[in-house]
């Protein structure tokens, strides 16, 4: 399968009467966007804001971060099974707006975390401080249940991102990159001497605020399955997850999955990147057992030599991670896992909830309990309610000078477990 | 600003006194002297710090007189009032490494003076002290002196100034069980791909999070004649005399209990209970024999099936106790059991 | 538990999934009690997060087996005051995996410092809902055949 | 703990309910117990029966101590 990605660099965003992209600048009509978002009767109002790198702005609580993309050639549309009809994506041509994102924010539940600081020490920990963010804060109608609100905001974000992506459809990309992978047989013939490698991608799948969708299917209902590496680039996997800010994968991370991209870089050179396997992280233990059996089985059926396994979220996914690792290693397939740690504020606690000697090659995205002081910023988009009161709290979370003492677990993407950032620990 | 004052500890070999034949050299204070590797440290410190005195001690002397040597050296350090204490580096010299670890952690703990040592990662001193005092990883012989000083001097200065210490791989110290965040050059996914390529090629790679290690110990020979054997009871189920006289904590306990059961033939609800917070205490509190079978052992002793039930039993709280301290308790318990002539142990766990 | 080197263990295969009626829900979440007790066996305890985990542990220690992960969800223990698990009703030989999972869940309580007394009623309600949806997702799996 | 005592040269028998944990901690002679909160008892029995049960377990442990083993061994019966 072959996908040509065209990258259009966005240098700034401005509100305007007409939506368009000109000379790398995105003009957004908030009226048009608002009308689109409020098509959903569960939403009462929406407000828009722009946060640029370096500005004294804090966005919280963040729900999702999405990169606007548009399908230019080939089957299907972006976010298949969600806002485009179900069709296999990942081939043809897709444009992405680089350097920006749509950020959805809003207090879906009373305890939501998720901070993006555009400047200061907090900005170092979130990858999204480097983007120009179009932030939408959605307000629900009264008496709405959290799961309805979550769904409305989730869909609103995708619609907005698709709307903006559509503006780029007739543009000429600043940069083009072609990604191509082979079928099983072709790949074996073409790269007979290269080790066969796959990516086992664990998706959070446990209920409200903890779900991920694959082609619109709730991931807790899937059996582990295979994707072409390019499918995620068209939004085949999206986030419905907004708990555990530091180590959940926003949709942006699924679209730009770094393991997929870094394996594609090596494809045909040092490895044969065979496929992208998705599996879930369910609450029910028999599901964990079955899913890890299946990933190991798929890896074996594909005659793999090596696998990278990534995790999402805190606690019980450690069990899935270790089960996957152990069972895949038991098939004689070399495994590297990516995780993050909860080693306590002092760094002295047991980092993972599970462990095994088979996990002898671990990449860590750092200790999520590490404390950081976030200075007071000039502007807050959203609300500081929860962060100042409770999350990772201590006596002096909100300090006298207005700064916040928090654990980095409240920062969106700080310890991302698909290896999206450079933070680590020893 | 005045220079940071440093006291340096070395063995007889590095003090040019002699090799193994001089290893019984007792601890000696040399105020104002800079000896052997101290010269290299002084050069590396530049204007920031200087060695104000050196303590020399033979390795055999130190290890055969640990308590006295430690006390004497602590006194010497105290008199010189340094801001920083450096021991070694000891490279792969086992007894020197143990001495450096012992004295550096003692100075830090007892005198509150920041301390640093350095040694080869396989030196037995590492296992014993890496979690207690910063220890720079050195090469396995004195040929690595220049490299060792290059890593130790800047870390020593940071410690003396009370600056934040980075992750082990940044600062060059041996991992001490404390996880520290830092930013890598490459993102995690790229590091994972690189690690996988190495693993696939059978090349060496370093995991970023080592799983807790576990080793095995070969079984000891069986007891030949039970009827002459002295058997001891040990439990990780936290059985203590009623009222928990030693105040053993219910989890992450900072001590173990040693209790005399001379004349005790049965544990009852009135006399014994559990201090363990990791399981439902109802059953053990009603009858602690359910965890520590003293009643049955007394019967077997009386019937001559076993020679003797040891008159002391040992109790720990398995729950949440750090592996390192659990190991230390167990080693101490084993030492006492052997000293008391015990032949075999029944260990019960909850 | 003996003072083990955490986690490095031989793997234990979970037994066949139990049928409906064979499990109970143990919870300190009144919403789970109210919503589920007409359909399922519910053992409700009005108590804190650590205490409910200890109650679950004591059941595991005498041979009941966990059917759901006690660290369900990414809401941290202590952050959420509620926890519900599914476990077998009957007693079997003590299950290693259950022992380890519940132990590490209890230990995880100590890693976090939340001030749950400052929650407003809205947050409490949402925690109850989240815990309920987590256990519902497991009930769906448990009852699906 | 069991490993450290064995390391010091004393034969140890580990009475433990979850034998895989006992294997993990490195015990060489292992006797399976009744339940975690009452490894050597069963509150469902009367005192006399319970003591008999305990004696059987302890005798099994003593038999383990008098048996030469080369590797980790679980003494089932």
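In order of appearance the chains are A, B, C and D, and numbering begins at 1 in each one.
Note that contacts are C-beta pairs under 8 Å (C-beta built on N, C-alpha and C of every residue); 3 or more make two chains touch, one makes a residue touch a chain.
Bear in mind that the values here come from a model prediction, so they are computed numbers and not experimental data.
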Which chain pair is joined by more contacting C-beta pairs, B-D or A-B?
B-D
Looking at C-alpha means, what's the farthest chain from chain B?
A
Mean-CA-position distance for chain D and chain A (Å)
49
For the pair chain A and chain B, the C-alpha centroid-to-centroid distance in angstrom is 43
Centre to centre, by mean C-alpha position, how many angstrom separate chain B and chain D?
29
Please compute the C-alpha centroid of chain B, do the same for chain C, then give the distance between them in whole Å.
37
Do you know which chain B residues sit against two or more other chains?
211-212, 214, 236, 279-280, 316, 318, 326, 349-350
Would you give the residues of chain C that are in contact with at least 2 other chains, written as numbers and ranges?
1-9, 58, 61-62, 107
Residue ranges of chain A touching at least 2 other chains are 343, 352, 355-357
Dump the list of chain pairs that touch, please.
A-B, A-C, B-C, B-D, C-D
Where on chain C is chain D touching in the complex?
1-5, 8-10, 12, 58, 60-63, 94, 96, 99
Can you name the residues of chain B that touch chain D in the complex?
214-224, 226, 229, 231, 234, 236-237, 279-284, 286-287, 289-293, 295-297, 299-300, 305-306, 316, 318, 326-327, 329-331, 333-335, 337-338, 342-350
Using the touch definition from the top, list the residues of chain B that touch chain C in their complex.
211-214, 236, 278-280, 316, 318-321, 323, 326, 349-350
State the interface residues of chain C toward chain B in the complex, per the touch definition above.
1-8, 57-58, 61-62, 103, 106-107
Going by the contact rule at the top, pick out the chain A residues touching chain C in the complex.
109-111, 145-147, 204-210, 220, 241, 243-244, 247-248, 282-289, 313-316, 319, 322, 326, 342-345, 349-350, 352-357, 369, 386, 389-394, 409
